[in-house]
Amino acid sequence: MDATVASTLWLARDELQRLIDLLWDRQYRVIGPRIDSGAIVYDEVRHQDELPVGWTEQQEAAKYRLVRRDDGQRFGFNVGPHSWKRYLFPPRAVVGEATRGPQGWQLSDHPEEAPAYAFLGVRACELAAIAVQDRTLIHDQYSDPIYAERRRRALIVAVNCTQAASTCFCTSMNTGPRCTAGFDLALTELDDGYTVEVGSDRGAEIVAALALPSADAGSRRRADGRRAEAVNQIRKRLDTTDIRNLLMDNLEHPRWDEVAERCLSCTNCTMVCPTCFCSSVEEVSDLQGDHVQRVRQWDSCFSGEISYMNGSLVRGDIRSRYRQWLTHKLATWFDQFDTSGCVGCGRCITWCPVGIDLTEEVAAIRETPP
Amino acid sequence: MESRPTLAVFKFASCDGCQLTLLSLEDDLLALASRLHVAHFLEATSRIEPGPYDIALVEGSVSTPRDIERIRQIRRDSRYLITIGACATAGGIQALRNWADSEEYLRAVYARPEYIETLATSTAIADHVTVDFELRGCPIDKRQLLDVIGSLLAGRRPRIPNHEVCLDCKRKGTVCVMVAHGTPCLGPVTHSGCDALCPAHDRGCYGCFGPSRQPNLVSLSDQLRRDGMPPREIVQAFRGINAYSPEFRGEGDRLEAESDRSDEADRSGEADRSGEAGRSGEADR
Amino acid sequence: MNRDDLNRDVTNADDSHRDDVQGGVTTRSIRVENLTRVEGEGGLDIRLRSGALDDVKLNIFESPRFFEAMLRGRPLEETPDITARICGICPVAYQMSSVHALERALGVDAGEEIRRLRRLLYCAEWIESHALHVHLLHAPDFLGYPGSLEMSRDLPEEVTRGLQIRKAGNALLELIGGRAVHPINVAVGGFYKAPGRETLRRLVPDLQAGLRLAIDATRWVAGFDFPDFEQTYDTVCLVHPDEYPMCEGRIEASDGLSITSDEFESVFVERQVEHSTAMQSIRSDTGATYLLGPLARINGCRDRLMPAARRLADEIGLQTPCRNPYQMIVARSLEIVHAYEESLQIIAGYHQPKPSRVEYRPHAAAGSAVTEAPRGMLYHRYRIDEGGAIGEANIIPPTSQNQSQIERDLRSFLPGILEMDDDELAKRCEKLVRCYDPCISCSTHFLKVRIDRGG
Amino acid sequence: MNAPQSAAIAANPWLSQTARIERITPEVDLVKTYHLRFTDPQVQANYRVAAGQFNMLYVPGVGEIAIGVSSDLQATEPRERTWDHTIRLAGHVTGALSEMEPGEVIGIRGPYGTTWPLDEQHGKDVLLVAGGTGLASLRSALYELLANRERYGRLTLVYGSRTPETLLYQGEYAAWAERGLKVHRIVDQATAGWKGQVGVVPRLIDGLRTLDPSNTVMLCCGPEVMMDYAVRSVVARGMREDQVWVSLERNMQCAVGLCGHCLLGPEFICRDGPVYRFDRVARYLKVESL
């Protein structure tokens, strides 16, 4: 059939491999969910069997466990410790080079041949996260060139959630669980196959190449049912009413002291968060010092060094760092980028080694105005 | 006289691993040797020159009365004194003796303890003389060592990141062993430098780079306890390679005192309820 | 004389002599500081009375580190991490002896794949440790340089080759162990995470290049000028029917002794001597010293070297049993070649062990093991208590076993060179000691040569 | 196609130009002015900067730092001009710079940030308040005011420093005064020969006799505490916070709003600042460790 944006097609269960093959054939590096070291991470996928077939995860604050499902779903889980940020905004990238010559220093950028990624299995909250990063890293005047180019080339095959983890709160953030925009294709997994929604011309072109039939009404209904299950399972809430002012009016709330007693300032929450974007540049030179690379690495408002100035730290204690993180994420992000910095994926809750839950922190501040 | 800065390497109680790192610079070793004049490095050369030295790298901990004299002399002889490794910066694994009866220790190891002259303690170099820079690790990291030497050669104070192991771990994309496997890990309170090796090998960090800049040890202990680790084992986790660093020492001692108190309470509780049946000994473990 | 004087001596020999006349016998003391280019620091004490050799002692002024005591009460899983810290040059050896002894105690069989991966890791350490000694520490003795950094000015290619040989070994150590010094990947039962097959294969080109360099370097080393100095040795090493000795086998001596590690302590006794904090070993049955290390292994197991190493041994005309300690550098070089070859062989047939470590249930038990550290047989024995903590540990490193042998060599060496001046004499003694690649770090602190010359 | 497009995607914001150190003027102890010229004549000719903006100066292998431009931008044609940076030795990068000689090449990118709002102040009295090296960031503004002297009312500089010896640009004060700027100085610690005031900057402000609160604007640069007290002083004299501009400082890695280092509440100081009308940032400056 002639697929156009917004049409819904059908991909039989084992045809997924054809999609994967086609993407590789078109020189995409296909990245998708795989099991590694006891978690579902994002890595190269060449074969549909490498996906976490029949696995799911149990998540709660400071706890993540893989568990078996009783069916053969490939996408029967939510989000793991990785996010696509790892690929679009790599944790380590060379942003410039300097070489000492007879005329003194020669400076050059280090243009990368941006890889063309095809992301397989992007969730609704992750689509939202990518949209947030578009705003934080691409601007009219200055953009992150690495992000921008990788992003431009990336193809996105989203997957609708059919279940929710106890840490998910996308419904509070209006980011999910349904994939509504920002994808080239969006799948909903059923036992015998996938309904495929087309989100872009690029997506349409791919389904055309695969010659997918359109999805029948029954499959569509079943897909609706599956997606509704995800909505029903979401328990966690973050009350976002006037959240910007709530936080900014409570910068001296005693709750910051309490959370500082527990927070390790270990940076885990910011590393797993799909929207956090702080980075630092490190000079890496050979011993002679004649050749230098400027390496940009992920950094975090929880690292002390980030606020180093004039011999001391502006945010010298854990309290001020946690406050910086939460107020930036949930409040000042609105001032800067006209959006929340949080998409409700819940990663920071699961992967905080001491189980600090931002929704509880906000609720505590809301409950007890000073 | 040569104009290249002079380098001297000294060893105290240690395993040699950190100075070996210098010899393991491989590609950079000869380059380094051309920029520095190696004036004293027993492991590498028989040519031994008297001080003063521009840069002294000191490995090992102070554990005999003679060590104290030696380190003072080295301090007098050296412009920059850089300590390398957990032994030199925190007393090393051998600082475990600081909690033990060293007489008994001697008997455990040596058949004839009377021959051995030893301090009851193993302590960091900085406990005895002023140290210009401490490079952490058991062993130290090659790149960091190069960085330190490079900075000194350029006349700058070395600057080594002092965040937690977690930051490196997540940059690498390693799955958190604590959250995903329930494996106790000191990464959240340990100084960076190893590029988060242990979690990348599916095991918890045992703190060989010592405490990070502002470790929240109490919170980590609480979490480990919540995860089911008995307090006595947490104490031992802190009393490892960097046992005698002030931070790990403090938290280990605090927890130990706490569990001593609760054992005490348990015992008196037990006495009170001596008539009670069926109480399992499990809680004491 | 103050042995603490760190910075005074520019040469290895002390400039001052001391003449004492006591009861008609003249004792002349000459102090030589700093025996160098050995791992760790210690000293050598030579006393001459009325022109004749009176006593030779290898002095090891170690700051004791009490590893056996520290291990008591620690969970047994920590043992390989703790014992590694005994020595930064050969941590894998300590880890290997630890895990083998503990697994024997617990009745754990790690299985074939893990066994091979351990051998691979051990090969990497042999390369690293041997190449360090051959190229950076020992070769300068034969070519007249105070050290390899100085040697590199005249012989840059040879030194670079040595560094390259070592580098591939270090790369292998890092790949399997996580890092070259104090690897973090060795566990009781196996490895925390076993490297993938492809990851290991990526090293093959470097290892092949390393092998070629190691073969060249062995030819070069074999061409050194070796002093004529033949000794009789009772050599001891592990012997395995099919493989070059490493982790398994019986302990066999050249005089026919053959025992298991459980019998070790009844045959090899450790005694502490007054001048040293390290222990010395002799055989209780013969009362004699014995020799460990590369020469012992080559003498005993030359036919189990890998083919290229075996051919190379023939090509360079190595006579075995070899009784010249100066030729230990040749044995060491051949073992580098062997280790490279065996590494390539293991990688070629490698399958990632799954799981990477076998489960075990800690219980009260005891066990011992001997493995072949680069410097020779390394003995560990443990008693585990019910809770899985270490109740008792006994560790006997190769250098302390070789120590008495070194002294014996010196005793037969010295009479021939007493005519030499102190400087030269000290240098000669130091060179002989260096042949053994003594790893004083395993136990020690500060090495210096002191000569007491009578009349 | 989902990806947003932007005209600037291709440009690498990290890429610096090279500039040669033409001259180095030692100012006071630990402070020197580096007169830079781009090595590429085209870049040199096209470069434009306004008073209050800063550049990122890059010493390869050491690091990159934010430094305000302190040139007299009125003086000469851009082609001949040098871009001047007055720098206090503080640590790594500034230390490396202090070891450099004229002729050496460093990296420079910019200009970045907001400017002192001089055009909007025509007809007003302008009070410049500086502490320590902060005067460097006001120097360009000062010369611009003097060049257009007739457009402004009273021009006053209140400048405080640790000691008389560390007062910057001492050789220029006479000329400034001649051109119609009243210069008041104060030092924390007097040394021999100092006849002027001793104390802190706000004290000088309190002592200003001719402050017309309704028609004055204050431009202020110096340590945050000093600025805080300076504002309190003028507010006490009847000025409003929206008559005050301050220049703020934070660690900066990218200078273009991408790295997250310089955040102060909602502000990216590199992009939204460094020069702020005080009322915009007042509430954030009051919060400790924000």
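By letter and in written order, the chains are A, B, C and D; residue numbering begins at 1 in each of them.
Following the convention adopted for this analysis, contacts are C-beta pairs under 8 Å (C-beta built on N, C-alpha and C of every residue); 3 or more make two chains touch, one makes a residue touch a chain.
Since the model is a prediction, treat every value here as computed from it, not as a measurement.
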Quiz item: What pair of chains is linked by the most C-beta contacts?
Solution: B-C
Quiz item: Hey, how far is the Cα centre of subunit B from the one of subunit D, in Å?
Solution: 45
Quiz prompt | Centroid distance [mean C-alpha coordinates] between subunit D and subunit C, Å | solution = 64
Quiz item: If you average the Cα atoms of subunit A and of subunit D to get two centres, how far apart are those centres in Å?
Solution: 39
Self-check item: subunit B and subunit C: spacing of chain centres that average the CA atoms, whole Å
Solution: 25
Quiz item: By residue number and range, which residues of subunit D touch two or more other chains?
Solution: 61-62, 91
Exercise. Going through subunit C residue by residue, note those that touch at least 2 other chains and give them in order.
Key: none
Practice problem: Scan subunit B for residues touching two or more other chains and write them down. | Solution: 154, 202
Quiz item: What are the touching chain pairs in this one?
Solution: A-B, A-D, B-C, B-D
Quiz item: Can you list the subunit C residues touching subunit B in their complex?
Solution: 4, 6-12, 33-34, 36-41, 62-70, 72, 74-75, 78, 81-82, 85-89, 91, 132, 136-137, 140, 146-150, 152, 156, 159-160, 163-164, 166-167, 170, 178-182, 184-185, 187, 191-193, 270-272, 274, 276-277, 279, 356, 387, 430, 441, 445-447
Quiz item: Which subunit A residues qualify as touching subunit B in the complex?
Solution: 36-39, 41, 62-66, 80-82, 86, 91-92, 261-268, 271-272, 285-289, 297-300, 303-305, 317-318, 350-355
Quiz prompt | Contacting residues of subunit D [partner subunit B, same complex] | solution = 61-62, 91-92, 95-96, 99
Exercise. Note which residues of subunit B are touching subunit D in the complex, please.
Key: 154-157, 159
Quiz item: Tell me, which parts of subunit B touch subunit C in their complex?
Solution: 10-21, 23-24, 26-27, 29-30, 33, 38, 40-51, 60-61, 63-64, 66-67, 69-70, 73-74, 77, 92-94, 96-97, 100, 102, 104-106, 108-112, 115-116, 118, 122, 138-139, 194, 197-198, 200-203, 206, 208, 233, 236, 240-241, 285
